[in-house]
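Naming follows writing order (A, B, C, D, E and F), and every chain is counted from residue 1.
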C-alpha cells in the first residue's frame, strides 16, 4: 500500500493500522527552537531534523511521527526567541512518544536529532533507559548530523560550530526565504582561547584530545555576541543540497539494513 | 515593524528582539496526535490549535511559538497512531516553554489548546503553578474551542463529542485533503447509557448536573470501536469556516483587550 | 450487615473485610483549607465534601475513606490560614489513597471534591492516569458541587463564585456555629472587568464563550480584599439544606446506578 | 484574644490574622489509617495525634492545622482498610502544609505524629530539608508518643508494639465506642525469633543492641495474622487517660519553653 | 571457594558468579563526607562503615559492595568540605544499588550506616519501599553504630554526640594518621539548653522523653563553632578497638543468624 | 601550605578552609562498578578515575573529592556484580556533590569520568543544568579517557571498546593484583555486523559516519558472552603507564590553564 503521506499526523488511525500490518519502522524528528545567529531562523535544528526525516521516509516508505520543535538549549537563552526544555523534560517527552509508538507495534524507531549534539544527553538517556527497562524488544537508534555527515564535511570552507556554514546551507536549500544572506557572519569564535586548548572548534572535523567545558548563556552572549560561533559566509543552498543528500543517503542505507536486521540487537 | 512571519521559528533572534521592543504577547498552540475516527487525521487537535493561533496572530500582529504536536490522550491509546504524553510531561513541557518566553520579556502568553478539554488539567496545572510561584508578573490565559465556541455551536446538526461534526469541519476547511468524507460516521455513542445519566453527550451544548466518569482506552475501544463518539456526517468545510472565524474573532477581541489591560491581573 | 459507621477510620480491619464480601464501592472526600471571606471558615470546602460523602454514604450504605483536608489553593495564599498543596502533591496523595483502596478490593471509587473546580486538574490527572495505566479494572468517578448542582442553582439570589451564597449556606446548614452572619459580604467582584468579557461571574450559572485567565494570590488580594468574590448576604441555612439535599439525591442516584452498572466502563 | 476554636479550619482568615499578631506557633497532627488489630479502629494513630494536638493546644492557646489522616503504612497493606502514602508523598504533603503555614508568618511549627515511628523517616526528611534549604528561620519540631512517653511506659502490663496496650488504651479513653473490648488479643508476637535477637519487642521499653530488619505486608500477615503484635488485654480507658495526660503535660512544657526560646535554634 | 577479596569491585564478574552459587548475602557500607570537628577527618562516617563492613565480611566470608562516600548531612554544610546529598538522592542511590544486587541473585542485603542516625530516614525509606513494592523476596536490614553499640557504650568517659569520643576513637584505631590528637576538643555542647529539656545529649546513652528539634547548618555553626558537639579528649585507639570489635562481633552474630534464617521475614 | 593529602575525606574541615584561602579548584572522580570481561575487575572505571584524579592532583596541589563508585551501566546488568544507577540518580548525586563544593567556595570543578562515555549523558546533564540555572559563576569541566587519550591511542595493538587493551592496561599498571592475565580475551566483537556499518568498533580510533544504536544487557550477553568487546591480549602494565601518564600530563596542563583562566567562561 502506498501511504498518502509519510507524516503520521496526516493519516487516520486506520491508515496507521494498515501500515503496521507490513511495517514496523518509525522515525521521530527532534529539533530545537534556538538562536542561530543573525542570518539563520530560530528553527534551524527543527528544519534539519524534519527535512532528513521526511526525505529518508519518502525514499524508504516509512512513517514519520510529528516533530518535537523544542530541544535542550539552555546556553542560548540569552538570545530572544530561544525556547529550551530542561533535559529531564526532553527525556520525558521522548520516552512518552516512543512508548506510544511501541504500544501500537512499532518495533524499530529511529530518532533523528537536528540539534547537533546538544539534545543527545537527553535522547540517549531516554533511549537507553527504555531499551533496558521497559522496551527490551524495541530497536532504538539515534542519528545526528554531527555524526552522520563526517564523510561530507570536506565540502565546507570554514570550521563548523554553532550556526555554521553547513547547517545554514542546509536550511537555505530547504527553506530559501528563511535565511538572510546579507547577515551571514564571517567572523569565527576561537573556542580554544576561551575554553583551553582541549577544545575543538570544528564539530564536524577531526578532533585531538579534548576536555568538555560547560558554558552558560550569559558567557555565550559575551564570547559570541551575534550568536554565531562560525564563519558561514561561504554557505550556499548548493552546499546544503549536497550535505542533505549525503545524510539522506546514509539514513536510507541504515533503514534498508534495519528492515532485514535479524539481531542480536533488536532481533532477538 | 511588520513581522516577516507570525511564527517565531521562522524568524531570527534579532527579529524577535525587535518585536519585543514594542510587543509582549505570544501565543502557544498545543495540540495532540490522537485518533479522530475513520475520517479525521490523527493531527486534528494540532491543526485546530495551529489554525486558531496563526489566524488570530495574523490579525493582531502577535507572535506564535512553535506548536506542541503531542497532548494528553491516554484514553485513545488503543487506536494506532495515537501518541500520548503523561500529564506530568505535558506540564513540564508547557512550563519550560513559558519560562523561556518569559525570560525574553514576553509578559502576556495565551495558550491555545486544540484538544478539547483533555489537555486542560495539564495546561491549567502548568499555568497556575507558574503564575503563583515563578512568574507572578506574566499574564497567562488558556483558550480552548470547547469554551470559545459555545455561541456558535448552534450551527451543528448533531451533538458534538470526540471527533464530532465541528472539529472535523474545522480541519476540513483548513486542510481539505486530510478528511475522508466517505468515511464520516453517522452513528452516535450514547454516553449516558455507558457512564450514567450524569454525563453529557454534547461538549459544546448545554449541560445539566454531571459527574465525571473516567474511561480508559480499552473501554473506549469497546464502546466506540471506530473511534468516533459523534455523528459527523453533516460536517462540511463551510461549517468549519464559520466555526473557525467565530473563534478567531473571539481571540482577536481578547488580544485587543489584553493589549490595553491594566490589571489588577497581569498589570500590577 | 449494617456498618457501625460509614467512616472507614472508625472500623476495624475485620469490619472492612466483612464489608468487602458484598460491597465494592468507596467514597473519598477531598476538600481544602482555604480562606472563604470574612464570614466563612477556612474549612468550607472540606465540610462540603465531608457532608456530601457522609450523607450519601448513609443513604446507600457505602464506606467513606478519611477526608483530605488540604487542596490546591495557591491563589488564596495571601490570606492567612490557607494551606495549599502543589498540584503534583495532590495527585500523589489521591493516587496513593486510591491504590490502597483498590489493593483491598474496592472496585468503584467516587471522589467527592468540595473545592469547586480548583482541585479538579489534580483529581482528574490522578484518576485518568490510574485508570489507564495502573487500575484499568477500577471504576473511578469525580463529583463536584460545581457540576452536581446546576439544576438547583436557581435558588440563589446572587451570582456564585468563590465564597458564594450557596457554599456559605451549605456550611451554615451543617455547622451553624462556624458562620459569622454579621460578616456576610454583600459586594460582588465583577470578574469580566478584571479578566476580560470572556469570563464568567457565576460558576453555577450559564456560561457564554470563555477564556480562562489565571490569577495569583497577590492579584486576588488586590481585586477581592476581603476574600469573597460574591455577594453572600442572602445565604441561609435553609438554602444550604435545599442545596445539600439536592446534591445528595444526585449522588444517591449515581451510586444506585453504579451498583448495577455492567460496563463497558468499569464492568469489563 | 480567646480563640473560638483551636482548629484552624473552624476559623475565618481574619481570625487567623488576629492570632498571628501575637502568636507564631502552630501544631500539625499527622496520623495514619492503618489496621490496629481486631479491637482497634483503623484510625488509631490519627486519633492519637488529634487528641494530643487538641488538648495541648487548648491548654496553651495555640492553633492546630487540620490533621493528615494518612501516613506511611506499606507493611500493613495486606489488612483491608489500610491506606498508605508512599514516603515521598508524605514528605510532599508535609512540606506543602508547612510552607503554607510559614508563608502566613507561623515561625514555630510542631508536628505531632500519632503513628509511632513509622512516619518519622518522611517527617524528618520534610522538616530537615525545609529547615536547611527553604525555611531557615522557621523552628520545626517533631513529637511522637514513642519518644514522648518513655517516662510513663511503666504503667503498662505488656510489651508495647504495634496495636499495643497503651495506644489501644489511648483511643479507648478518647473514643470509647471505637474499641471492641471483647476482641482485645492477649497473644504476643515474639519479634526476636522472627528478625533476630537484635530486635526489640517493646517500642516503649529499654533497648539493647539492635539491627533494623524490614518486613513487608505479606510477611506481617504471616507472622501476625490478626494484625496485632502485642498483648493488649490489659488495656483500659484509665491507662489511656494517664498515658494521654502525661504526653500532653510534656507537650505543654515544650510549648511553654518554645514561647520564650531565644535561639540559637529558631531564634537567630 | 575462598574469595580473593571481600570487595566486589576487586573481583571479576565470574568471581561474583561463583560466589552466588553458594551465597546470597551482601553488605553495602554507606558513609558521609562531613565535618567531624577540628581533630577528625571529613570521612569519619565512611571509614566507620567501611571498617565494620570489611571486618564483618572477612570473618563471615560475605561480599561487600563499594562504599557510598556521601550521605545526608545538610546541617553540616557551613563547615568547608562537607558534601551532602538530598535525602531523595540518597534514597535513589541506595535503591539503585540494591536493585542491581538483587538482580544478580543477592537475597539478603545488609546496609551498614556509618553516619550515626542521620542517614537513616533515607536508608529506611529506600529499604522499606523496595521490600514492600519491588523486592518482596529480598531480605533487607540496616545496622548503625548508634544502635549496634549500646552494650559497649559504657567504655566512654563523656556523653557521645556528633564527633564524639567513640567515633573519633574508631577512626583513630583504624587510620591513626587521620586524627589530630592535639586538636581533640574537651568542650561539650549542652543541647538541652539549646533545644529544650526534651533533648538527649548522649546518642549512645539512655534517653528520657524526647522531642526532636531540627537545626540547620547556620544554627549549628553558631552553637558548635568548632564542629564538635562532644568532649572527645578521652578518645584513644584502644577504645576504638574495643568499640569496633564489639560491633563486628554483633554483625557476625547477625550474619550467622541470617544464613540459617528461614522466615517468615526473608524466608517465605 | 602543603596539603597532608589530596583527598578531601582525609582532611579536617579546617584543612579545607585553609586550602580555600588560596585555591578554588576541586576534582570529582566518577567511576562505575561494572563487569570488564573475564580478566578485569568490576571496578576498572573507578580505578581509572581515581588514579587520574589522584595523580593530576598530586602534581598540581589541588583537592580531590571522594569518588563515586557507581555509574550508569544498565547494558551490563546481565553480568553478576554490575551495579547501575539510573541516569537521573547519577545526575542527582553529581549535582548534590557539586552544589556542596560550590557552597564552600570551590569555583572550578573538574569531573573526571573513568567510565568511557557511558556516564557522560548524566554528567553533562548535571553540569550543564547547574551552570545555567544554579551556579553560573562556577566553572565546570568534564574529562574522560575516551576524549583525553586520542593522541596516545596509537600505542595499542587492537581496536579499543569495552574492556579493551588500554583500560585493562591502565588498571594493570596501578593495581597489578586485580588483573587475571591468563584470562585476557583475544577475541574481538565486530559491532558493525551487529549494529550496522554506521558503528565504530574503536572508541579511541578515528570514526566515519555513525548512527548510535542502543543495546540492552540481554543483547550484550548474547553478542559478547564473556563481557569483553575487544581483544586485550596485548595489554600490559607498561602500556598502562604510558597511557596513564599521557592523560595525567593533559590534565595537569588543563589545570594549569585553569588556574590563570580569566574568562569569558568561568571568569566573568
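As a working rule, a residue touches a chain if its C-beta (ideal position, glycine included) is under 8 Å from a C-beta of that chain, and two chains touch if they have at least 3 such contacts.
All values reported here derive from a predicted model rather than from experimental measurement.
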item	value
Topological distance between subunit D and subunit F, in contact steps	2
Chain hops separating subunit E from subunit B, counting only touching neighbours	3
Centre-to-centre distance between subunit E and subunit D (centres being mean Cα positions), rounded to whole Å	27
Approximate Å spacing (C-alpha centroids) for the pair subunit B, subunit D	47
Residues of subunit A whose C-beta touches two or more other chains	77, 86, 88
Touch-based graph of the chains, sorted into line, ring, star, complete or other	ring
Order around the closed ring of chains, commencing at subunit D, then subunit E	D, E, F, A, B, C
Contact set on subunit B toward subunit A in their complex	8-17, 20, 33, 35-43, 46, 65-70, 77, 79-86, 88-89, 92-93, 95-97, 100-101, 103-105, 178, 180, 183, 227
In the complex with subunit E, residue positions of subunit D that touch it	72, 74-75, 77, 86-88, 91, 110, 120-122, 124-125, 127-129, 131-133, 136, 139-144, 147-151, 194-198, 206-219, 222-223, 250-251, 253-254, 257-258, 261, 263-266, 268
